[in-house]
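Have a look at the structure below before the remarks.
In this document, chain identifiers A, B, C and D correspond to the written order of the chains, with residue numbering beginning at 1 in each.
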Amino acid sequence: MSKGKVCLAYSGGLDTSVILAWLLEQGYEVIAFLANIGQEEDFEAAEKKALAIGATKFVVVDVRKEFVEKVCFPAIQANAVYENVYLLGTSLARPVIAQAQIKVAEENGCFAVSHGCTGKGNDQVRFELSFYALKPDVVVIAPWRDPEFFNRFAGRNDLLEYASSKDIPVAQTKAKPWSTDENLAHISFEAGILENPDTTPPKDMWKLTVDPTDAPNTPEDFSVVFEQGLPVKLVLAGGKTITDPVDLFLEANALARRHGVGRIDIVENRFIGIKSRGCYETPGLTILRYAHIDLEGLTLDREVRAIRDQFVTPSYAKQLYNGMYFTPECEYVRAMIPPSQKTVNGVVRARVYKGNFIVLGRSSDTEKLYDETESSMDELTGFSPEDTSGFIAVQSIRIKKYGEAAREKNQPLDL
Amino acid sequence: MSKGKVCLAYSGGLDTSVILAWLLEQGYEVIAFLANIGQEEDFEAAEKKALAIGATKFVVVDVRKEFVEKVCFPAIQANAVYENVYLLGTSLARPVIAQAQIKVAEENGCFAVSHGCTGKGNDQVRFELSFYALKPDVVVIAPWRDPEFFNRFAGRNDLLEYASSKDIPVAQTKAKPWSTDENLAHISFEAGILENPDTTPPKDMWKLTVDPTDAPNTPEDFSVVFEQGLPVKLVLAGGKTITDPVDLFLEANALARRHGVGRIDIVENRFIGIKSRGCYETPGLTILRYAHIDLEGLTLDREVRAIRDQFVTPSYAKQLYNGMYFTPECEYVRAMIPPSQKTVNGVVRARVYKGNFIVLGRSSDTEKLYDETESSMDELTGFSPEDTSGFIAVQSIRIKKYGEAAREKNQPLDL
Amino acid sequence: MSKGKVCLAYSGGLDTSVILAWLLEQGYEVIAFLANIGQEEDFEAAEKKALAIGATKFVVVDVRKEFVEKVCFPAIQANAVYENVYLLGTSLARPVIAQAQIKVAEENGCFAVSHGCTGKGNDQVRFELSFYALKPDVVVIAPWRDPEFFNRFAGRNDLLEYASSKDIPVAQTKAKPWSTDENLAHISFEAGILENPDTTPPKDMWKLTVDPTDAPNTPEDFSVVFEQGLPVKLVLAGGKTITDPVDLFLEANALARRHGVGRIDIVENRFIGIKSRGCYETPGLTILRYAHIDLEGLTLDREVRAIRDQFVTPSYAKQLYNGMYFTPECEYVRAMIPPSQKTVNGVVRARVYKGNFIVLGRSSDTEKLYDETESSMDELTGFSPEDTSGFIAVQSIRIKKYGEAAREKNQPLDL
Amino acid sequence: MSKGKVCLAYSGGLDTSVILAWLLEQGYEVIAFLANIGQEEDFEAAEKKALAIGATKFVVVDVRKEFVEKVCFPAIQANAVYENVYLLGTSLARPVIAQAQIKVAEENGCFAVSHGCTGKGNDQVRFELSFYALKPDVVVIAPWRDPEFFNRFAGRNDLLEYASSKDIPVAQTKAKPWSTDENLAHISFEAGILENPDTTPPKDMWKLTVDPTDAPNTPEDFSVVFEQGLPVKLVLAGGKTITDPVDLFLEANALARRHGVGRIDIVENRFIGIKSRGCYETPGLTILRYAHIDLEGLTLDREVRAIRDQFVTPSYAKQLYNGMYFTPECEYVRAMIPPSQKTVNGVVRARVYKGNFIVLGRSSDTEKLYDETESSMDELTGFSPEDTSGFIAVQSIRIKKYGEAAREKNQPLDL
């Protein structure tokens, strides 16, 4: 008698294979689910393995298009970044995967969902908050937070022995001394030897991007066209032009990867209050985001930008990082992105070279906020310098009072 | 009979030489003032020229130490940046120069100060708001906003003719097709051919930094020690160690310059509401700021960082950019910087290579916010995974309601 | 030969009558414009007077509906308030009047608009920034900033003499020792004897509301229904029900006026940097806004509210106060209001009594964010108290580190 | 053999009496702790009862002075308020009580602390986060989150039976249909019949303040003197003058209480994500806070106020509400309060009348930010109206572009 159906996020690796077997052992029927979000993975091998272990069914869902169009591109529009540095590659993927998993769970009559996230990380939170929003009555089975499970599998050896006992094949390759998570936007490296924040990542850890010292000696130029803040066209040096969002994103990845652009190494603050060291490669997102920021300089009103920068970007980034995508406040903040981007239309010409992203120039046919004549220091057209005197005089009313008060109180102003 | 003494910010160039002569012609006595803020300049030639034109006195004030210690270092502590990109090199210098000029004006009995800033730029505002705060009764003479002056000197030829008529020597070197402003922290390039935002700056424009493509093929490693967010020690690869603030800053400059680090090219929003294109080289400040940001990851509490990032940094940057240094609000915001930096103590090891700044590792002997064991995905010490279940359950109360409401209203949540 | 047509905002009072005559004297043709925005005014007398002085035409535009629906109600939705106290009654009216005036100017072929605002106040800025946004090429004639005008009319006597010389009738009533501005939302009192911020306003100054000490001894109850944050129904104690927006607003005014609700007395900061004392009566807006705030407690998600409170409300209020309604940033911020109000549906029952607004209760048929069972301290339904232990444990990870560091450094935490 | 000493926050009521007995039953030795924070309570009866039940010791700590000076007054300086309405009366008391309890625990060798808070409220979080910060290794025993306890005592009858079985005397007075928490700053009412947010609180629920309809018909005037934002003197109508902080606070309470000032009724958002209805009386704090806000109008710079209002006040209020007093971020935000208050020196004259707080006037001998002449609409002294033209012209550069773009795109600006 089954205790009911569980939809397990299954990767084909050791952990989720053991979890699959353990769930079966507990009396559940298991639907194995795997999202294709652009990671390099052998989907067929995973399917074969899941079914061999005993899954009732194996479902792969291709979410790449949604991932790029509904999440990555808005993140570019909003210049999303966490703690000055992290481009949120993993965070962006979580709501997309969670939504697909809940859909599979519902289509297959599962009362519960399960995952292999550890009990200290961000991902468990990101997945589960999305699960609960999308299906408030869902049951979540998180083995790594279940004492029965984590006490039984205290070390890697316990997992290996259990796998062996269940005839679960284990890859012969030696486990790398860190863990990774990969999708179309990035790959992350953390844990293992990286847990010492003073350990420089070994050169062979990096996977997506070439090392800047090994990158070509010749820079490569390209241009990106934006409409309302969204990248709509990528033109490479040779003239190759890409407009399909997923293809554009993939080509931006390829371009940045071959020139070593997009590596990050930080100590960040997890949602649960622990500091954590992470290394990331986010090639395409890095160059598209930089290009977008540059174009905003030309086309976005100063005050709209200031409001967006101070309120929308950090709120959005924090919500994404903390797994709060499907929340009232994130719905609210997402509604603030497109109205900020109406004028962000134009082209950015740029260059990649040995880890650098360099702007070469930018232009816009439609937006006229930048006015060369007006901006020119040599021209008086359309602008009366005396006006600035009045502007300064009015600004100084308050400031003169400040200076006078300081003098009266014998507390002269100083640097 | 003199109309009184004026203290003129004098650079030795064509514009301020003409202004000097013009002020004399108007009947003022002129004290020429020049701040040494680290720019490459022939101070003796300027003195000789000023006196030759008719200045009563020429005063150079060395403000480099104050500039580094009182303004640049706090900017590093606050991670100051304007519109995501500009490190505020010019803005940082203005209050320091203004304070020195007012001091010279007061010491020499000047009722007025004068400068050669144009009527469309930020610098006139920055100087004058500082003047008015420091000496509320000062009179400001801004020739480029005085119709009598700017109508008389409508083009460069008018200036040259006037100079010739007054026997003012003019440098034979052909004027560059852009203007620059230099100090210890940076050099700016703007106007002229740069006014077209789609014009790529010519390779020979850049002055302080080597072109990344010409930079050494061998990376150079170094480390920076911070105390309470201030750089207190720079150690180069060969072991050379610098602790004096000005020397440290100069050495950071030299290091970044020889590896092509610190170039910026943006369209920014001037205080008076005009967009403007600027190119900047900010070598040392760039690497010290990046190192500081990195160390904050390891040593700064998440919430303190979030508050500082969202409220203090952008407020401070905007105040600096708009020339609001000597204002009640900037005094207030500056008071918020040190309390945020109590725990920012430690070392960042880093590398520069062909335009890149790369973190190699970071550590802190004194701050224990990062806990390798606790952070480790493999350890359960001091942390109960079940707690996270409660954490997620409580976080999800509100979110489940959101999901339920969406279901009830038949508006299913979607990406 | 006319120098062209000017559209003058004409009130019928002494100042704008003199300005009308003076504009004619300068050779302009004048279209007199008067907005009916709910002020108590003799429109016919004004028309007669304007035409008598020499206006080509007199145009009254009734903007009450737009004022209530497009500006006052969104201000209620956003809980708009400036410097904690001022409900922006005058600020709200300005863009509505400016838009009507520009429309009249365009329909009548006027190249310029003119107004009677003083050179120190907010209203000149509010009108003119709206004029320039709505018709960027408009010329603005502001006599009180024109030395020719303000030097000629240095005191009230100069105005009276000029009026007399032009046969302009002047009301016999003695001028009140303060000035007022009135519209459907409020009346303001400032200047004159009120300029001393320590002078208590005389009892007979207040015009719209009864003095609380003279208000009825019997409280009056009512209820307000909101949909998406907008008041859609007002039900009075006797059962009288009003749903038309303008009528609803007028009835709310009447209700608050007879119970002395909505008086304000503050020193505020004008846009141009001068402090200014103002007294205001804002009867209906006060009670509708309070009711709205109360309903948000029941129906609005905590985080949406926090974001709106911290970012949208103060930005919007500042923009309104500074006359920045027709700007990119205000368009942006206004777009943020409706998405915050989706769930603000329900009824607030309240009472007015001698200056007080008292909430009696609130309910919502459609929104279920408040859950009596869940909220109940006596019930365990749907909530596991142990979860809170996990929640607290995770929250305390960071805080324990803080406490430990304090102990290690012998700097014990203290209040 | 004792399992160790526990310091229990003991009120003398049924709940904590049962907890005391239950802790003893579990084998702990109990130190009963009671903070005197200004609540009306029979401390001697509580002591007698605690010892009778079996507490080893009963310790009362008088924290009223610390409460007023270190927490309430800074809250007045910061204008602290949660969700527009709630003055944080309970939140303010928690860190003071927690600190006293930890001190008692440490002095008496207790390894654990215990309290009678429910598992759904804010107070458990506020107490425990403070406990963990002040003594990171403390053990917290929260019986209402312990299944063994809450399953055993599922209803009030279970508590009564247990009390009877342990010879614990129970007050004969019938329990009120709500719960309260009282301190020097306020009393709260929640739960019971108040859980229906549409139930109007019965008139006899309110305890501290007279009903506005029963308040005196004669207003009562008074004045408050502030130094650096702190109330330093209260002068009543008859001339009675109070300067001691606790006495001043008590007298402000008495004044507001007899005129029915300071009642609040809201639905608020608890930290754990549940909405909750609360009624509060906060008499003295209400009038002191209003007076403080008023004085800031006269004496505080506009921009300092704006920064404080937008960033400091809401951050501080949220931290207080969520029990985050002893955290790095609250320490940081508290450091931002005094620098904002340097100029907040002066007197506010005010009136209370039947629930209303009415400002009569304000003045400052030392601060000159308000300048009557400058503010006057009738004076031109020290101010050139033409300057405002330049100010408006510069402000309109950006805005004209906005209007032009709208015209070009045939999307005319509209309200």
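Going forward, a residue touches a chain if its C-beta (ideal position, glycine included) is under 8 Å from a C-beta of that chain, and two chains touch if they have at least 3 such contacts.
Small disclaimer: the values here were computed from a predicted structure and weren't measured.
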Minimal step count in the chain contact network, chain B to chain C: 1
Contact-richer chain pair (by C-beta pairs counted) among A-B and A-C: A-B
Chain A and chain C: spacing of chain centres that average the CA atoms, whole Å: 42
Whole-Å separation of chain centres (CA-atom averages), chain A against chain D: 40
Where chain A and chain B are represented by their mean Cα positions, the distance between them in whole Å: 30
Chain C, residues touching no fewer than two other chains: 272-274, 301-303, 306, 310, 327-328, 343, 369, 371, 374, 383, 386, 388-389, 391, 394-395, 397-398, 401-402, 404
Complex interface listing, chain B residues touching chain A: 66, 70-71, 79, 83-85, 95-96, 99, 118-121, 124-125, 128-129, 132-136, 142, 144-145, 147, 150, 179, 190-191, 195-200, 212-213, 217, 219, 263, 265-269, 272-277, 293-294, 297-298, 302, 305-306, 309-310, 314, 318, 324-328, 349, 353-356, 358-363, 369-372, 374-378, 380, 383, 385-386, 388-389, 391-392, 395-396, 398-404, 407, 413-415
Complex contacts: residues of chain B adjacent to chain D: 272-274, 301, 303-304, 306-308, 310-311, 315, 327-329, 331-333, 335-336, 339-340, 343, 394-395, 397-398
Residues of chain C touching chain B in the complex: 301-303, 343, 367-369, 371, 374, 383-384, 386-391, 393-395, 397-398, 401-402, 404-405, 408
